[in-house]
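A, B, C, D, E, F, G and H label the chains in the order they appear, each numbered from 1.
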Amino acid sequence: MAKGRIIIDIERCKGCALCNSYCPVNILDLDITTTNLKGYTPLISTDPDKCIACGFCAIMCPDSVITVERFIKEAK
Amino acid sequence: MISEKVIIAGFGGQGVMLMGQLLSYTATAKELNTLWFPSYGPETRGGTANCSVTISETDVNSPVISTPDSIIIMNKPSLDKFQPKLRKDGHLFLNTSLVKDVKLRNDLNIYKIPANDIAMELGNLKVANMVMLGAYLEVTKVFDPESVLEVLKKKFTGSKATLIEINKKALEAGKQAVL
Amino acid sequence: MSKVLMKGNEAMALAAIKAGCEAFYGYPITPQNELPEYLSKHMALHGRVFVQAESEVAAINMVYGAAGAGARVLTSSSSPGIALKQEGISYMAGAELPAVIINVMRGGPGLGGIQPSQADYKQITRGGGNGDYYLYALAPETLQEAVDLIKEAFDIADYYRNPVMIAVDGLIGQMMEPVDLDREVPKWDLTPKTWVADGNRKNRERNVINSLYLDPNDLENHNLHLKEKFDDMRKNHQRYELVNMKNAEIAIVAYGSVSRIARTAIEILAEQGIKCGILRPITLFPYPKKAFHALPKTVKDLLVVEMSTGQMLEDVKLSNECHLPVHFFGRVGGIIPEAQEIVDKVLEIVGGEKHE
Amino acid sequence: MNNVKTVYKKSEGLTDKYMTYCPGCTHGVIHKIVAEVLVELDVLDRTIGISSVGCSVLNYDFFNCDMQQAAHGRAPAVATGIKRVRPNSIIFTYQGDGDLASIGIAEAIHAAHRGENITIVFVNNAIYGMTGGQMAPTTLIGQKTTTSPNGRDAKTQGLPLRIAEMMATIPGATYIERVSVHNPQHVRKAKKALMKAFTIQKENKGFTLIEFISTCPVNWGMTPKDAVDWAVDNMIPYYPLGVFKDATVGEEK
Amino acid sequence: MSKVLMKGNEAMALAAIKAGCEAFYGYPITPQNELPEYLSKHMALHGRVFVQAESEVAAINMVYGAAGAGARVLTSSSSPGIALKQEGISYMAGAELPAVIINVMRGGPGLGGIQPSQADYKQITRGGGNGDYYLYALAPETLQEAVDLIKEAFDIADYYRNPVMIAVDGLIGQMMEPVDLDREVPKWDLTPKTWVADGNRKNRERNVINSLYLDPNDLENHNLHLKEKFDDMRKNHQRYELVNMKNAEIAIVAYGSVSRIARTAIEILAEQGIKCGILRPITLFPYPKKAFHALPKTVKDLLVVEMSTGQMLEDVKLSNECHLPVHFFGRVGGIIPEAQEIVDKVLEIVGGEKHE
Amino acid sequence: MNNVKTVYKKSEGLTDKYMTYCPGCTHGVIHKIVAEVLVELDVLDRTIGISSVGCSVLNYDFFNCDMQQAAHGRAPAVATGIKRVRPNSIIFTYQGDGDLASIGIAEAIHAAHRGENITIVFVNNAIYGMTGGQMAPTTLIGQKTTTSPNGRDAKTQGLPLRIAEMMATIPGATYIERVSVHNPQHVRKAKKALMKAFTIQKENKGFTLIEFISTCPVNWGMTPKDAVDWAVDNMIPYYPLGVFKDATVGEEK
Amino acid sequence: MISEKVIIAGFGGQGVMLMGQLLSYTATAKELNTLWFPSYGPETRGGTANCSVTISETDVNSPVISTPDSIIIMNKPSLDKFQPKLRKDGHLFLNTSLVKDVKLRNDLNIYKIPANDIAMELGNLKVANMVMLGAYLEVTKVFDPESVLEVLKKKFTGSKATLIEINKKALEAGKQAVL
Amino acid sequence: MAKGRIIIDIERCKGCALCNSYCPVNILDLDITTTNLKGYTPLISTDPDKCIACGFCAIMCPDSVITVERFIKEAK
């Protein structure tokens, strides 16, 4: 199960494909089926469940497109 | 007498400048007067860009085209900007791969070309501009596509020579799209 | 010769090469970048010098040095870059050094914008540097004219031993038009440069390039000598074109790209039965005062059209000497006036008289 | 169900404006960490940033603090002007290599020389981005640009300037470091360097300059990732990372 | 208050301190060095800022920064130094920043000389920087007036959010006269500077100081806004003095030190029975056109006297609107005209009419 | 009777013009050895000197070769302009510390950066002479000048710039040395340094700069001899003599 | 009514500027109008220098003195320059220690003062200027020497205070020289 | 006997007294009995016979006032 998740602000994304090279679990890709309002092909997570919330993608994204959230197990 | 004023507009990177230049180069080869003039949006990069091309047997005066005879529209913001300027009964060439669900004037000749899709089918998204150009040439008959290809051949030498074939196909596909 | 389609900036660069320009020193700035870029490739092919300077200030001082050493030399920039060159330009005028300076004007003041403009008229014609001097300033309206004038400009600079400014708006720099680069241009009567400090001193006394005159009497004489040159320009080398002036009732005064737009405007006006001519200054300094004397009696109004808030107006008023009413229409900030706007303004002016 | 904790989001040091940089340009990465540091040091409200002329000229729209846009190369002079009259403010300039290393080298050197209590964020991408890819003083030998079409040639165009090394010789400077943002680890290091620089300024300890190895994918003609890799393979060997001067650790001042 | 004898440059410096000038940034250049030297000692005593910049270019950009942060700020230089500041001045006008700039003029062009001159008239009134802008420019003729105008200049700059230029020739900088530094000067109606980017952002949105407008529509609006300010200066804030104009048959137009020499000349002329007045522009921009309308009908000729080859002539012609013949007498290069020379010139002009 | 041999006389590299320097100013000594070297290398006929703005502004009257007078600080740019179009000429600039270290630092650095084949004669007298004794970037801490009336204060005016040290970090520079002319032995050493610099230029080996510790008796308010002694006691300790870069002896280039 | 225009000229370093300033300071103390204006020769250093001083009960107009009432001449080049300008019957004060064998107009009042020699006798060559000033004051009676000394006392404070005595003596010696 | 002599171009001399501090035999001084045309007190050799023609004075003189000649014994 995912350790966390990323939220992609699609309209800010410029489809530069910089972030995905740093994803240790290789789940980022550009979504060539769509273009955003600025004309770019935006980022998509191909397998959100694998996300380990390391934040590498977000750190590397020049446009602050990605928000990273970590899931915290609630004490039962 | 040839006298044509066309504005070509789209995103930076869609090759609108090259389209216009090809027209001006072809005009020059035919010893016509011509003027090409570029304009970039306020954004540093990734914004919109357009160029104005005038082709004429007499001297070209104003470089600015107030009322174009044709407009070639590659994206939505460009339609908003230039549709109002197009002369009555002018030609509007629309890249419908990117420009969808829009309001169009009803006093125009409108040609809808899914240029991106056609280009993708041809194997290279980059030739969407040539698809549009093919359509434009077919409708306006300003030049025949062969004259434009001649110019392309002179420009694309060396490693780029391999691109000529696909550009030719794109021109042809554009022509077909408006037949 | 057959014409080639070139971008304005590149055509101007090639024109300089054709004029025998030996060296270019400049610093990048939009919208003239294609000019140095072209030269960075082509000067070397011709065994000539291209240096990208660290700044406009350095560039103009490199130009000073090369000109002082006798070379034909070019620099180009755009508005804020020209502002930075003012001290150096003043030095060149003071030391009587020839060079060609191209200003591809953009909007101002300050960083302004990068769209075409004519807002440097004052900067160009009134000097922005210190002291009593002027630049010989040429304002072409087409690429062909730009090319021809640049080729001649090197001669003019050498003839007067004074910098020559080519003032074009961003439109001319950015547009493409077919041009013939080998058209004959007038040759000026030039004497050998015996005054150069080029370190080649076999058969002559040492030469000094200098603009300092600590004794005010010497400086006064120097100033008067310079004034003679500027007066000679004023007397003998005004340039202008009168377009469609026969029976014209109104004359548009406009230079550079704006005069082209005016050409379209007068066609539209002609269709409406209005006879409108164009007085097109080609030299901005010396200002073509003679053109105003040459206007036909039928002209009853002058309309100045500029891409500025009216910087040329004063020269028009000074040249017109209160004979005709002077009107003004301008667009600024990089907005290019449309022919129809000019037409409307003309109609507004002649309107009152028309419907009598 | 899980609770969530946001571990990364857009810094409050940045406005919501869409940034005008080309896709994948590391200018954006550098902006982010500058903004984060200003927020973390709690100085955003008293910060004035100086935008210089270059691709980053519009960053007066992006940094969420007071901003002044400076003439090409003159940001350190503008910074000096402000800091002297508003000594309580935190001042940074953000300058490209054309801006700082070429036209503005005098202003940078003299701000350091006077020991102005400001921070310079120097972005070295070995090219002039905004004007279309001309040669910069930091362009590498052999690198093709629009004004070195055959590649930079040492004979006619000289050897690339090393700014951090040069600035480190200035007695008035307090802290000079060169960093890179080519991977998350280095982004973190770079942020630490900025933190150090701004902390020095906050403590009135003088002039700081952080040089960033950055990219220009568009004018280098590469994808963003290739650009980052090119910077690692070509720039860092000539522009080694590290602290070049730290006058806070002992003698010097 | 009793008067103190001070050197012009020092009196101007002290005037700035009295006006609440918070910071000075400048670079040494003759003949204004005593001004920064005085401030280097006295600004610190008042807890204010004095920085010797590395160059004039740096100095004007420091001024930009300090002005943008809301400070009252001064710089001073002399002719070639002002040329170097042109880009920065244009930026300030573009970003609407107030500051006072003193130009103690020397001979040019180039390095020229260090003697008094008025050869920067064009540079001052037509802007040497790029774009559509003007400086509010004041030209005092005595130290007392220089002191009073400098005190007011800071208000004017703040009022218009535009740089104000104090244009004095080297004479005024170097001479000593008794001055009262505490004379009341007009206070302008100033509003709080809510626009400053000073990093003090508790109760306001962030502020941006900027002259860049990439969208030409925005830049056009900005240009038109600036033009309104300059038009307002023209309409409401021309300044001049008419001297001895009652029944005058000829008016000398002269500013700065030259008008003082003209005062001596008209005394000599009066002895010879010739009624000569002086029209003395105090603002060089806006040029005091109104003064020309205020001339009595008895005035039949205008004589412009300058320490330049005639740079103000154009403004006189534009203001005079072809009503009166305009004559000129000038000395250049640091030579100061003598009263007798002016007398002779006047006699030459009125001579023809006299001996009827 | 004895025959005589002239062992010292005015150099032919100087004109007969009376020099306008203040009595005992070491500008004159430096002029002499520059002139002697040009004569001894037999290059006077192809030399172009660049006068800068400072007390030495009038030296276009003193050096017996072609001369160009440059705007304040811009001599290295003027030199670049000339050398590029007249590569056979020998070019030197002669610049004071106001001219080179302050307003002209960008032009000096970039001439070095491009590796221009010119020689800079840099005269460091720790003050602005011509304009009446204002502070220079090389003014020492505590030194009184007309714009540091209480003595230069590190806190507001920074620490003095060391030009030779800074220029030595520029990869494009070939030879950088600092010398002094405070006694006949050092004058000889200084002349040797100039000889080396001009020889490097003659052999097209690139950029050379010789920094001279010089005096300004008038603005320092001392007799010429006291001024020379003050320079030895105060300047040389902060501005040590020696070769700071010599790219002709091995690696670097 | 006081109205005096005097030009004082000599080598740089002879203290001509100070002489003129003392006159203007004294005038200011007496609430008279006055203007002091310096002029340096074209040489950087060691050349000639002069200053013009106008003292008047009415406004001072031209700062430039075309026809001085008096000239104080400290060296030969200055005599050549200013003697022709002196008004008829004007006062010429000549430092004959340095200006010898010269042609003098015969429509002037001429006072020959060996100022350097007198100053040397007083023990300080630097006060030659004050010797000349003493002579000037005695002849023109513009001010009494005490008023000038008052000003000097205000200027020479601290370590310079010791110089007042010798300056006083110099003024007196100058007076004696023209008695 | 003198090993050589110095020739002083009096009109060029500015009386700065720099040269004399370097004279190893201490024979240079200013001639306070005279001034040259520029108003300076020029240099004089107080004891020419002692001159060793070392040239130190000439090397140090900023104004090239001093020419130094060495006497050469002729072969008899």
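One rule holds in what follows: contacts are C-beta pairs under 8 Å (C-beta built on N, C-alpha and C of every residue); 3 or more make two chains touch, one makes a residue touch a chain.
No experiment lies behind these values; they were computed from the predicted model shown.
J.: Enter the minimum step count from chain D to chain G; a value of 1 means the two chains touch.
T.: 2
J.: Max contacts between which two chains?
T.: Among the chain pairs, C-E has the highest number of C-beta contacts.
J.: In whole angstrom, what separates the CA-based centres of chain F and chain G?
T.: 41
J.: For chain A versus chain F, what separation do you get between their C-alpha means, in angstrom?
T.: Chain centroid spacing, chain A to chain F, equals 60 Å.
J.: Distance from the CA centroid of chain E to that of chain G, rounded to the nearest Å?
T.: Those two chain centres are 34 Å apart.
J.: Provide the list of chain H residues touching at least two other chains, using ranges where the numbers run on.
T.: 14, 38, 40 - these are the residues of chain H that touch more than one other chain.
J.: Two or more other chains in contact with one residue: find those residues in chain D.
T.: 21-23, 57-58, 69, 71, 102-103, 105-106, 109-110, 113-114, 130, 137, 157
J.: Please set out, as single numbers or ranges, the residues of chain E touching at least two other chains.
T.: As it turns out, chain E has residues touching two or more other chains at 54-55, 57, 80, 87, 91, 95, 110-111, 210-212, 214-215.
J.: Could you list, by residue number, the parts of chain C that touch chain B in their complex?
T.: Against chain B, the touching part of chain C is residues 2-5, 171, 174-178, 257, 260-261, 263-265, 267, 336, 338-340.
J.: Quick check on the complex: what are the chain D residues that touch chain F?
T.: 102-106, 109-110, 113-115, 137, 154-162, 165-166, 168-172, 253
J.: Which chain B residues qualify as touching chain A in the complex?
T.: Touching chain A from chain B are residues 11, 46, 75, 98.
J.: What residues of chain H sit close enough to touch chain F in their complex?
T.: 4-5, 12, 14-18, 21-22, 38, 40, 53, 55-56, 58-64, 66-74
J.: Enumerate the contact residues on chain D facing chain E in the complex.
T.: Spelled out, the residues of chain D in touch with chain E are 45-48, 50-51, 57-58, 60-61, 64-71, 74, 77-82, 84-86, 88-91, 106-107, 109-110, 113-114.
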